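Below you'll find a set of structures to go through.
Shared chain: subunit A. Partners: subunit B in the first complex, subunit C in the second.
Our next item is the complex of A and B:
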């Protein structure tokens, strides 16, 4: 028994020494440990996500030929309409380039789109995340915006070899600037995720709304990205502003709640917009990553 | 057998992963299915102290690897609990005590990671009318339920793995 007690004492001492070493250890040690455990779990995550895709494939394969014919007819119609739209947009793009050259206007950031399947979703009061089945080996970098169609889903927070973690719009770590629909002066508001109430819907906060702002009557005001800050391209929809806008305690601004543009936890596939030319901040992040590797 | 902790970890991992898949399903409601605390109790009753420490550390790191929990918080907490449990094996000498220990450990571990994350976000507050305490309570209830439901099947697998490796059984009497 005494031997056991002595062993326990020694273990506690060793534990406190280890805790001290852990706290004092350089950040690459902690990052390396985290990365090792993420990579250990990655194959299982891929396997389950691929199994899900396979199940979906067989589910679709079991559909009758009539159903498939109807779906293909609908798709053909949509394709035709989209082709027309693409041609119109191409004309506008050419004109835009010409005008930019004339005005010597700095070109906005260009993005490469990487489509990625959602491997897993994870949520608690303090985080709302999805894990994508594409990572560093596919060219994804930390800080890249994640969208679905023209809607903002979130921002890549961590990138691993074959997976990456995305902080959703409603996650407390998410921040971005936005414009409100109906504000003709184009004043900037701040969108930030909120800790969610379990059993409730995850939402984000819209702060710094001008006191004289009036939302369009009879509809929810759209919240769109400004394109400033170098993360999100301009004009993407983040969500809509709830009708209950309240004045802050100081009385100098209003604040409201953002309703995300779609159910963020039901997404199966998203697009990651990777800037073709990395920003200065991203270069620093990459350098830090290389140092740690 | 010096590698038994690793083999038990591999036998336990599918359960931890299943809990992650359940978390995927409960993501709409903002709950996390947490079972890592309960998963260390049975190995602590049979493994040697250093083996239990390695096992618990890995279980903790596996949970916090993909979540924004401060590095090492849960792993170190589980290591401390493992040292305590292996030093007080009479506390784990029969089935009801094991179940009680699994509930307490899961409860404690949940509280630690929940508070640590809230602290890093500046949301830690003990105001009974605020958002923090009700959220913590809901997460604790979920953890307790998960522990109650999954503890027996998990302990069955872990015990079978340890029997297979001829790990000496836990003493029924102190």
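Our next item is the complex of A and C:
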């Protein structure tokens, strides 16, 4: 019995010693531990995501040949339409090149695109953050915009060796400037994510909408990036403006709610746009600022 | 087992019992005292104690509201609000950083062994260093483009020697903030879109700076993006003297807070704005709105901890002015074209008002100022620039000038009403007229020969007016001027501050108006009145002093056949067309017709013929009076009148202060401004009423 008591005491002592060491440990030790934990966790995330992909593969494989034939027919039609679109775009690209040559304009290619699979959602902030299966080793840097097709998904907030975390547009840590469809004067509005609990709905707020702004009749106004902030390319869709726009009590502006793209909640794959030249914000995030000059 | 009696728990003797009772009562009294104290504290004094506790642990922060808009009569927004993005530091969140920096500086100071250590100074330096580092980061983000970053061109660290002041945290500002407003965030950049005062940057550059900060600066941290509402004047200098400007104030408008309940709470407030001139000042109570408030708990160090309740500010009401932006713009544009030989804009004023209602359609004064540059941060340079140019003075209502020949209208009316002359009487007018041994000259050396009322008004004959003025005498002449309100300040303060529905405009009263008479000359110690003084007064010279607005009102009154016009700057579609103190002009039909015909002839063939508008007949009287500037004679150019001649709807007055080296004449200098105002008015008037054949005749 005494032995048991001594054992219990020892475990308590060990626990308190560990807690005390953790509290007293320098910040780099704690950061290193966290990073190590993330890297330790990464293979598990990869495994789970790959398992999900495999399940999807077997699910598709179990389809009947009639279903596959129908899907194949649909796909062929879509392919034909897309091929046409590709040709049109190619024409436009050639024309663009011709005009640039005429004007002797050499625009730098601003972003590299890295396609990444979604590993999981961050369970601690379900509506606000996703984890991608690519990280520093793939060239992803903090602050990079994340898109799907022409829609903004969010912004990379933390980069680990093989994974990275993305703040979604509904995250309170996300904000950007945007234009509203139908505003011919092109005045900027502010989009920022709102806090929400895990059972709540993901939301983002659109603020500083001019009082004389009128949304296009019969449809939700698209909210698109301005390209002025140096993070997001111009013209990407962030979402749509909820019809319930209200004037603030101060009376000078309206505000509304952003309806994010549905893809935001069933994402499997996204593109990370890595700027060729780092933006100032990225330097701040990477804490390289002090060494910059 | 031991006997219970051996324990001696219970008293067995009388003395012991007495002791026990005594102890019992002592303790009971003590308990009763404590219980009663508790009762008093918890029940009777709970309210007061809670209030005291709240007052020590809570505070209220008052937030200024957005001011109401100002519109012109057609709904154009003349004064609006814009969002001002600022960057602020949350000092409570920066505490750990301050501490770390403090320890670092203290250690460095100890290592130097300089003797006594000034801990307060070190603390200030620690705060300054931390805030400066953050400010540098902010500038790094808003200034940095990828190209500059690639070339390593962005200055990362500011220093007090080379860096511009907006990039430096000022220790005095910081100390003041910590002393007075510790709980409020400290402003690092007060206007992100226009970060450098007195430096013009394009709107797009400003927006880019805001966008860069929004998208690139970390959201979670002690540095916050904050927004408030400030005044903006979309048309810049347009109608600046009427609209006025705003300035900082610590006296915020009323709020919805229950003051009795929160009387004891500490109150802090953000800096608000109040009107400093023009409509902004005079209608401040209507425009200012209601302040908002936030109820916070506070930490022992005095920083905010938790927001308990809040009420948003409420925007002020709007004001609709009688100004018409198109006419105002035309007036200002035309005034800006009047320059001296060195290309400098001449001081001038122009007024146009509705003949029937007295509503002012245009009220321009130059030189002027840009209220946008006074709305937020006023630089000494700009203030001095306005001061030197005389731009603060609203010449249309505050400038006092001799009215010159435009006063001849009053002299003529006085002559007819006093039976000195009738509408068809003809006077012989030579090149001069002798009064008291002195020759008073005609402005045409050849003289005008036989002159009747109409011809006098057309050619502005001086000798006719000398004769009539002397015939009438100074007292009746002055009485006539007073009948037209030339001694009565216009646009005065409302009679009571509570009378918010007043339609009067409380601009600074045009005090100093002079309608001279014998008593006046004696009062100012200039000796007895002479015939020469009367002759001078009859042609609008001498001691007479009036404002362009007064003369515009005279023109409007003559157009209506009355004596007074009450001008107003506030638009009211249902305004009563009656004018305070107005009575009939007191002329018979023939006399009035001749008077009006003379004013028409002034444009058709007289001194204002250079600004005739084909197809649009209007009536006018020009004037070129003399005044002394720096001891030398200079000219004032005047024109008053109304349009159209047959159906008067608008009356106007233009005044230009000629400089020493500039030849300034009523018709030639002031006339084009009047013509441009009339054309702007005609464009907006239904075609059936007015149809000018040529819209923009060449000058």
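Keep in mind that, in the parts below, the second predicted complex is superposed on the first by the 225 of 293 C-alpha atoms of A that agree within 3 Å, B and C clash if a C-alpha of one lies under 4 Å from a C-alpha of the other, contacts with A are read in each partner's own complex, and residues count from 1 in each chain.
We take it that a contact is a pair of C-beta atoms (placed from the backbone, for glycine too) under 8 Å apart; a residue touches a chain by one contact, two chains touch by 3 or more.
Keep in mind that this is a model prediction, so the values were computed, not measured.
K.L.:
Looking at A:243 after the superposition, I want to know if it touches subunit B, subunit C, both of them or none. Which is it: first, second, both, neither?
P.N.:
It touches nothing on subunit B or subunit C.
K.L.:
Looking at the overlay, does A:137 come into contact with subunit B only (first), subunit C only (second), both, or neither?
P.N.:
A:137 sits against neither subunit B nor subunit C.
K.L.:
Looking at A:4, would you say it contacts subunit B, subunit C, both, or neither? Reply first, second, both or neither.
P.N.:
Touch partner of A:4: subunit B, not subunit C.
K.L.:
For A:172, select first, second, both or neither according to whether it touches subunit B, subunit C, the two together, or no partner.
P.N.:
both
K.L.:
Regarding the shared-chain residue A:231, is it in contact with subunit B (first), subunit C (second), both, or neither?
P.N.:
The answer is second: A:231 touches subunit C but not subunit B.
K.L.:
Figure out whether A:94 sits in contact with subunit B (first) or subunit C (second), or with both, or with neither.
P.N.:
So A:94 meets neither subunit B nor subunit C here.
K.L.:
Once the structures are superposed on A, label A:149 by its partner contacts, choosing first (subunit B), second (subunit C), both or neither.
P.N.:
Neither partner.
K.L.:
According to the stated criteria, A:219 is in contact with first (subunit B), second (subunit C), both, or neither; which is it?
P.N.:
Neither partner.
K.L.:
Go through subunit A and flag every residue that touches subunit B in one model and subunit C in the other.
P.N.:
172-173
K.L.:
Please name which positions on subunit C make contact with subunit A in the complex.
P.N.:
Residues of subunit C touching subunit A: 65-66, 81, 83, 137, 140-141, 143-147, 149-150, 152, 154-157, 207-208, 210-212, 214-220, 225, 227, 229, 292, 312-315.
K.L.:
What residues of subunit B sit close enough to touch subunit A in their complex?
P.N.:
13, 17, 20-21, 23-24, 26-32, 49, 53, 58, 61-62, 64-68, 71-72, 76, 79-80, 83, 86-87, 114, 117-118, 121, 123, 131, 134-135, 138-139
K.L.:
Inside the complex, what are the residues of subunit A that reach subunit B?
P.N.:
4-5, 7-8, 11-12, 15, 18-19, 22, 30-31, 33-34, 37-38, 40-41, 44, 48, 120-129, 131, 157, 165, 172-173, 195-200, 202, 263, 265
K.L.:
Within their complex, state which residues of subunit A touch subunit C.
P.N.:
Going through subunit A, the ones touching subunit C are 110, 143, 172-177, 188, 190, 192, 208, 226, 228-232, 248-253, 275, 277-285, 289-290, 292-293.
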